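Listed next: structures, encoded as structure tokens.
Both complexes below contain chain A, partnered by chain B and then by chain C.
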Partner chain A sequence: MSVFNREAAVRLILLRLARLGAELGKPALAQADEQTRLFGEASHLDSIGLVTLMSDLEEDIHRACGVRIVIADERAMSRLTSPFRRVGLLADHLVELVAAAQA
Partner chain B sequence: MSDWFVQRLEERAAGFALRGPWGDCTYAELGRLTAAARADIRALALDGPSVFALVGEHEPAAVAWLFALAAEGHAVAPLAGNLAEHPGKLAEVGAQWIVTVAGFGWKLLPRMSEPSVHPAFLRLRERGHAGLVLFSSGTSGRPKAMVQDLTVLLDTFAGRRPNRLPVLALLGFDHIGGLNTLFATLAAGSTLVVPADRSPPVVAAAMARHRVAVLPASPTFLNLLLASGEAGTRDLGALRVITYGTEPMPEGLLGRLRRAFPAVRFIQTFGTSETGIARTESPDASSTFIRFADPLLEWKVVDAELWLRSRTQIDGYLNPQEGADRFTADGWFRTGDKVELGPDGTLRILGRLGEAINVGGEKLMPAEVEAVILGVPAVVDCRVRGEAHALIGQAVVADVVAAPAADQEALRASIRAACRRALAAHKVPTRVLFVDAVGGPRLKKTR
Partner chain C sequence: MRIALVTGTSRGLGRALAESLLGDGWTVHGFARGPQALAHPAFRAHAVDVGDEAAVQAAVAAVLETSGRVDLLVNNAGAASMNSLLLTPAKKAEMLMRVNYLGAFHCLQAVGKAMVRQRAGTIVNLTSVAVPLALSGEAAYVASKAAVEALTKVAANELQPHGVRVVAVGLGPVDTDLTRAVGRDQLAALNVRIGRPSGTTLAEAVGFVAEEWGGAPSSTGTVRYLARLG
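Entry: the complex of A and B
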């Protein structure tokens, strides 16, 4: 089983954001960093874009780590601070989900 | 022209009818625009009913043209959203005139290729009534046009109690829910607040700025509003009522919403393009059950499916083969919604029967997406389906069989790009999976 740490999660999200940015004609997404807003004010993704990013990440993680995760679940939705707000928060969320799935 | 509309234009002359990115429009200004639109229609010297496509959102000129066409007894097909879907819809209704709207202004263009008028519109004309055409997703992938009596629909808004509670326009100008919000707001002499787009930050900013009191929304929009954090950062203190409909409300989400908006009353609504928006009530605020309280509507449940019959239901489909089996001979409409009966004449919407996919309250049929994907080179076969998604209700998934040598990463991007060009945003697959084979035949690739 490969190690999926926070650094790997951030790298994976930034790679996916850059590719999605190219698809959507939003090159600014290639310059994203941990503080980049994923959703809400000053974000480059709409809800369908955000769901597309999640689906791509779920597939990537399945290929890389051999586990199936669901990024948007009721637990994530009911958190006070949404894990979908910034790249860094989503990375934390992914690490948690993968660890739970591998346990 | 509808008596109630004329009355409100006079009584509320100085009040705001519409406020949006193009500015503020008073009832007096809306009256002037409507008169000007009627003059433009009369100047065409048409000798019979004609079909007008009205391209725009809830803008002052679009609203004026809608009422002007109703008053002059013509048929109107409002078109909003993705331009790529407009040519198919224009052809389906046989529009003879196109009105494109921008804020307070408009352009009127003839569409020369359409000399004849569909019999459905002539039947309305015999009654001296105007027509309204709305679209839903057809099972074949072709847009399905529904014709209804606009004069009767407008009459149902007469006698509404006046109020001054500003209402937000979230559903589109081409959606029965969006039109219902428009008519109900104007019939009450209130103000419709139109956001520049439907993203949570923009909507929340418009709500704070114009002190919006009533928010009609889908559960998905409300979910996104919470997830974006906007509900906590904007002053939404004027908000009194949230009405929700178009898709099932998860109980967990309703609980979170009630905690986020403790002073707001939540009311579930229910409607279909075919039967109109029904008046409903909830047993209590925490319940996802509803009860129909609409004198114009009858309902029953047959094999777990909700059937409706209403005074404002459509006259029929323009293409009678499409969806004719949705209506029984005695006028019942099979909604395709799976429901569960509760105590005291209540019921709860569980989801869709059959193939329709509901993305955040906007529905689509798999076939229309499959038709686009099958046109992409290196796609051998595909099947489109919905999967449950905690953020948007249901997400669109495409299972694709690719040609053996295809680069899957590149193919995934071209499939999505083709869908984005041809379809409305909510129809684009968010997940593209590559599989060895898909189940039984629905569409065959013909090249």
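Entry: the complex of A and C
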């Protein structure tokens, strides 16, 4: 079983954002970092982009770690700070989900 | 190779739809709780209760594992119950909502994500003429199928930008296990009411639903009935 740490999660998200940016004609997404906002004001993604990102990431994680996760789970929805707000927060959430699925 | 996932393939319309797709060269994954007698080299049976979210997610993952993609989802699995509203046990209403609405919801969600990744796909949800007719004696069934129709329209709006088409197809009475408990007179009267006095054969029903992936697909968000509704 491969180790999926925070660094790997951030890398995966940034890679996906860059690809999505190319697809959506939003090159700024290639310059994203941990502080980049994913949703809401000052974000480069609309709800369609966010859905695409989450669906793509679920598959990436399956390929990388061999586990199937659902990113928008109850835990994500009930968090005080949404994991969809920034890249770094999403990375934390992904690491938790993968660890739980691998346990 | 085109890949389809059809729910409710152990009998009735679902089985006939699966056979028709297989005949057209599709690979078909079939979901049902009970045993599935359909035998074909391109048919894969999965034992799944569509009302169970985790089971649906696991089964869709297994489909993606073997076939890599899903081009068509047919949310056909369903249950019905004839009862006047005031005599319908709440448990029955809950069961119908779970199978008809949540079953479609879970499958749509799990397969929808794969289709978003593919940036392509077609989802067909089964409904009934009982919805536009607001048919007496079928309150719980009609409500569950009305929910399916509403889900179809919202899903169509949300998934259109991802290249995914979502439609609903509504039938009148077709001779399957679902309608066997209903009186012949009642079915005949309903067939007259929807402008199909000689009824609808299983083959006609399959042909009508299959238009969505065959010759004449309707635009996303459409709810189409095999009936003449006044």
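Here are some notes:
Keep this in mind: the second predicted complex is superposed on the first by the 103 of 103 C-alpha atoms of A that agree within 3 Å, B and C clash if a C-alpha of one lies under 4 Å from a C-alpha of the other, contacts with A are read in each partner's own complex, and residues count from 1 in each chain.
In this text, contacts are C-beta pairs under 8 Å (C-beta built on N, C-alpha and C of every residue); 3 or more make two chains touch, one makes a residue touch a chain.
Everything quoted here is computed from the prediction, not taken from an experiment.
Of the two partners chain B and chain C, more chain A residues are in touch with B. By the touch criterion defined above, A:Phe84 reaches chain B but does not reach chain C. Looking at the shared chain after the overlay, A:Glu74 reaches chain B, while chain C stays out of its contact range. In the superposition on chain A, A:Gln35 makes contact with neither chain B nor chain C. By the touch criterion stated above, A:Val51 is placed in contact with chain B and with chain C alike.
Common to the chain B-facing and chain C-facing surfaces of chain A are residues 47-48, 51-52, 54-55, 58-59, 70. Listed in rising order, the residues of chain C touching chain A in the complex are 57-58, 61, 113-114, 116-117, 158, 161-162.
Only residues 47-48, 51-52, 54-56, 58-59, 62, 68, 70 of chain A touch chain C when the two sit together in their complex. Across the interface of their complex, chain B is touched by residues 19, 22-23, 39-42, 46-48, 50-52, 54-55, 58-59, 70, 72-74, 76-78, 81-82, 84-85 of chain A. Listing the residues of chain B that touch chain A in their complex gives 199-201, 220, 223-224, 226-230, 250, 252-253, 256, 359-360, 389-392, 395, 413, 416-417, 425-426, 428, 430-431, 433.
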